[in-house]
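Multiple structures follow.
Same chain, two partners: chain A is paired with chain B first, then with chain C.
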Partner chain A sequence: MAEITFKIFRYKPGVIDSPRYDTFKVDVEDYMTVLDVLEKLRLDDPTLTYRHSCHHGSCGTCGMLVNGKEVLACVTNVMELGTPVVTVEPLKNAPLISDLVVDMVPFFEKYGPVEMPLIRESEYLPEGKPSEEVGTYTRLESCLECGLCLSACPMVATDPDYMGPAALAAAARVVQEPRGQDAPAILKMVDNEQGCWRCHSAMECSEVCPNDVDPGGMIMYLRQKLISRKLKGHY
Partner chain B sequence: MGKPHVVIIGGGATGAALAHDLTLRGVRVTVVERGEVTSGTTGRHHGLLHSGARYAVKDQESAKECIQENMILRKIAPDTFELNNGLFVAITEEDMAYHSAFIDGLETCGIPYKEITPKEALQREPNLNPAVKAVVEVPDGTMDAMRLPLRFFATAQSNGAIIKTYTEAMELLMSGKTITGVRVRDHVTEKDYDIGADIVINASGAWSDKIAAMAGVHVPLQPSPGVLVAVYGRWNNMVLNRMHRSGDGDIILPQRTLSVIGTSSWVVKDPDQLEMKKEHIQLMYKMGSVLVPGVKHAKMRAAWAAARPLIGSEGEASTGRELSRTFKCFDHADHGGVEGFVTIAGGKATTARGMAEVTTDIVMKKLRMNVPCRTRDVVLLPHTAYYRRRM
Partner chain C sequence: MLAEEYKRPEPLWPKKRLGEWFSIAKKGAGGWAFLLHRLTGILLVLYLFLHFYVLSTLSRGANAYDNLTVLMESPFLLLLELGLVAVIVYHGLNGIRLMLLTLNVGVKQQKEMFWVVMAITILTTIIAALFMF
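Our next item is the complex of A and B:
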């Protein structure tokens, strides 16, 4: 157990119009995450708002900046941060609603017509033989739609019309495995300055992705696909 | 005449399914939730689409509800589940002693099953404990705990339901012994205001008795938390369950690239005081590694606690394992003498749609409406539709 100081960003339209940081001193046990601390603080201050649901890095709702870095609060252990003061702020590049809550509607709008199928073939335990009834083992796609990559991307900040890493990674998944989607149309859609050519390869997106989706790598995959198609003269 | 207005307190799986059912039956719906949707118990469940097999011996009412809803959800929420089935495995002699009662229970509850050989089970799930003695396959599945309720919310919203997050019920408005609405506090604007309602439904799960108390009535509800542990690595593709009576750490579910080991069980008075029991983390590792020895040294991604909303009176349960997982709808006209107020409590994420159907049937009667339920057939919008810009 150690006493850690939390500096938490507060903003509420019409109530706290100029954002401020509230300071709390919290006794933190070694197992506690940043989300555990927020839950503890909310018992005393029910006005503290933040998004959360699954508490194990699966739903992607508790994305925020902890000490300036995009993380899921529920899988960020406080003691492992190693700082006596922990700063907690909302994600960037998204409209603020209240305190640590941002509006996810623009994030989902960026997908446009890209409808990534959500269930894919499981690549784990390839030696496992499913029963006839199951046919093929499946699993959910890896992207949690948490928005960390959009917050971290330096290009999203400069161009609101840029599709951004999450939607481009989803587009790349459709191109890789169309599963009923129109892959050539998706490829055509990303072939412009608001699509995969806007990226400046900062790779911040892949750095912060909590589930190894590697959006930066997926954007490079789209570019390679487009270049090789052009070289072959079709598309 | 305008549509009647129903206010639902609680934005979990039950509130979501209720909002969907009520809007389909022509009711105006407002949901109030003090935090983000699914931030109470719903989002934290282990992600199991129950076949009912877990309850086939001791809790057959719940088992039957689970298998029925399991089959309906496959139809109305395609692409939400990893439908890899589940295995119940006997590893010890004690497990073997449970085998015949288990098979009898599956038969009684109408849960489809297939006995397979240990050799076949190990071919399918190479990380399973090789000491496995008997194996039964059942139609368990896995899901993302938030996305299924989001689909109910998304569909309800497109049919006109208003979902107010960060909006906490502070007080029930009453005229004599009739509930007329809810006083809520908006935690964004920090303002209190009143929402009028023809009927208020208490769908606050583990918090049900707290909300009921606002109307001076009581619901026999025992918040019963459990600890779950997510570890790195997808150790199995099917749901793996111990074939014995419900106990600690008797299930491992695959979820994306992780595995979730669950759960322990105790009872608390206040669902807001969910103290994590650290020793239960080690217990999950210990018991989980009986099913899949490899998880013993798997790196932990997270450990968390969630409060089950079980129906039972104080003193009736010491761990929560004694209590049924079934649900019950209380019309407080009959339970406490308060009109216009209904509580739906108990149940599971898998059975939320069925809970909503039973509750909405009661609400329809109270509103003197006669519109049949359609939620068994209406295919839900994708979860992403929840985030569509509201017009």
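Our next item is the complex of A and C:
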């Protein structure tokens, strides 16, 4: 056990109108995650707000910035961070509602046009053999829709209309394996400055993705497909 | 509250959105490559104007240009010129890295590609320094 100082971002319209950081000293056990600490703090301060559901990294609701990096609070062990002060902030590039809670509506709106298919077939099943185009299974089926990639992307920061890594990764997955969806239409949809061409290959999305979906790689796949189609159109 | 009544809060965090480009809170090598590419790109644009200014002295006669080239041999300006070598080499090589990524080539090795770009940039700068000083 060790005493760790937590600096937590606070903002609550009508109560805390100017964003600030509150400092708490917490006795942290070896097993405790950032979410465990937040729940402990909430016992003393019921006004502290954050979002969570499953506690085991499968729902993607507790995304936040811990020491400046986008993580899922429920699977981020405090002691493994190795810092005496832990800073906890809300995700970036999303409207802030209260404390560590951001509005996820814009994030989900970006998925709308893609109509992300809910494919969760296990790669371990014999019938789950990937199609020739997919080659090997990546983990897009495991996208938690946590929004960490949008928070980490420097281009989303300056262009709110950019589709963003998550929706583009979903679009790429549809193109790889359409399953009845109109793949050429999806390609056409992402072929613009708010689509896959807005990405500047910082690859921060893939860096923070908690489930190895590799959105950056999926965006590059879309570009390759588009370039290939355009070249074929000319010759 | 009905969905239609819900007024979405304004983005308030982060306040300096353009600052996200230049933030040093990068998560990986790709983020650093992005930051350096942006900075070197801006420096190259600024250099272009400086370059035009130097060339424009030609219009004021050979003497004016010669006087400026003497000034260019000062250690401080030579150091800036060495920095220019580093900036050009990095921006050019990382540009090739970005083109390869766009063609979906070496995406899984993008970090290693960044380190190769950095290594060649440093090596080239050292070699240029040996010639210049």
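The rule is simple: the second predicted complex is superposed on the first by the 215 of 235 C-alpha atoms of A that agree within 3 Å, B and C clash if a C-alpha of one lies under 4 Å from a C-alpha of the other, contacts with A are read in each partner's own complex, and residues count from 1 in each chain.
Just so it is clear, a contact is a pair of C-beta atoms (placed from the backbone, for glycine too) under 8 Å apart; a residue touches a chain by one contact, two chains touch by 3 or more.
Keep in mind that this is a model prediction, so the values were computed, not measured.
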Just chain B (first), just chain C (second), both, or neither: which does A:157 touch?
second
Determine, under the contact definition given at the top, whether A:19 touches first (chain B), second (chain C), both, or neither.
second
Looking at A:80 after the superposition, I want to know if it touches chain B, chain C, both of them or none. Which is it: first, second, both, neither?
neither
So in the superposed three-chain picture, is A:203 touching just chain B, just chain C, both, or none of them (first/second/both/neither)?
second
Regarding the shared-chain residue A:33, is it in contact with chain B (first), chain C (second), both, or neither?
first
Tell me the contact category for A:97 with respect to chain B and chain C: first, second, both or neither.
both
Touching A:52 in the superposition: chain B (first), chain C (second), both, neither?
first
Who wins on chain A residues touched, chain B or chain C?
B
Touch test for A:221: chain B only (first), chain C only (second), both, or neither?
second
Quick one: classify A:105 as touching chain B (first), chain C (second), both or neither.
both
Footprint overlap on chain A, where chain B in one structure and chain C in the other make contact
13, 97, 105
Can you tell me which positions in chain A touch chain C when the two form their complex?
9, 11, 13, 19, 68-70, 89-90, 92-97, 102-103, 105-106, 152, 154, 157-158, 160, 200-204, 206-208, 216-217, 220-221, 223-224, 227
Complex interface listing, chain A residues touching chain B:
12-15, 29, 31, 33, 36, 43, 46-47, 49-59, 61, 74-75, 97-98, 101, 104-105, 107-109, 111, 115, 117-119, 122, 124-125, 127-131, 133-134, 137-142, 145, 211-212
Which part of chain C faces chain A closely enough to touch in the complex?
8-14, 17-18, 20-21, 23, 25-28, 30-31, 33-34, 37, 98, 101-104, 107-108, 110
Going by the contact rule at the top, pick out the chain B residues touching chain A in the complex.
34-39, 42-44, 47, 79-85, 114, 116, 123-127, 137, 144-147, 166, 168, 187-190, 228, 230, 234, 236-238, 254-258, 260, 272-273, 276, 278, 281, 301-304, 306, 382, 384, 387-389
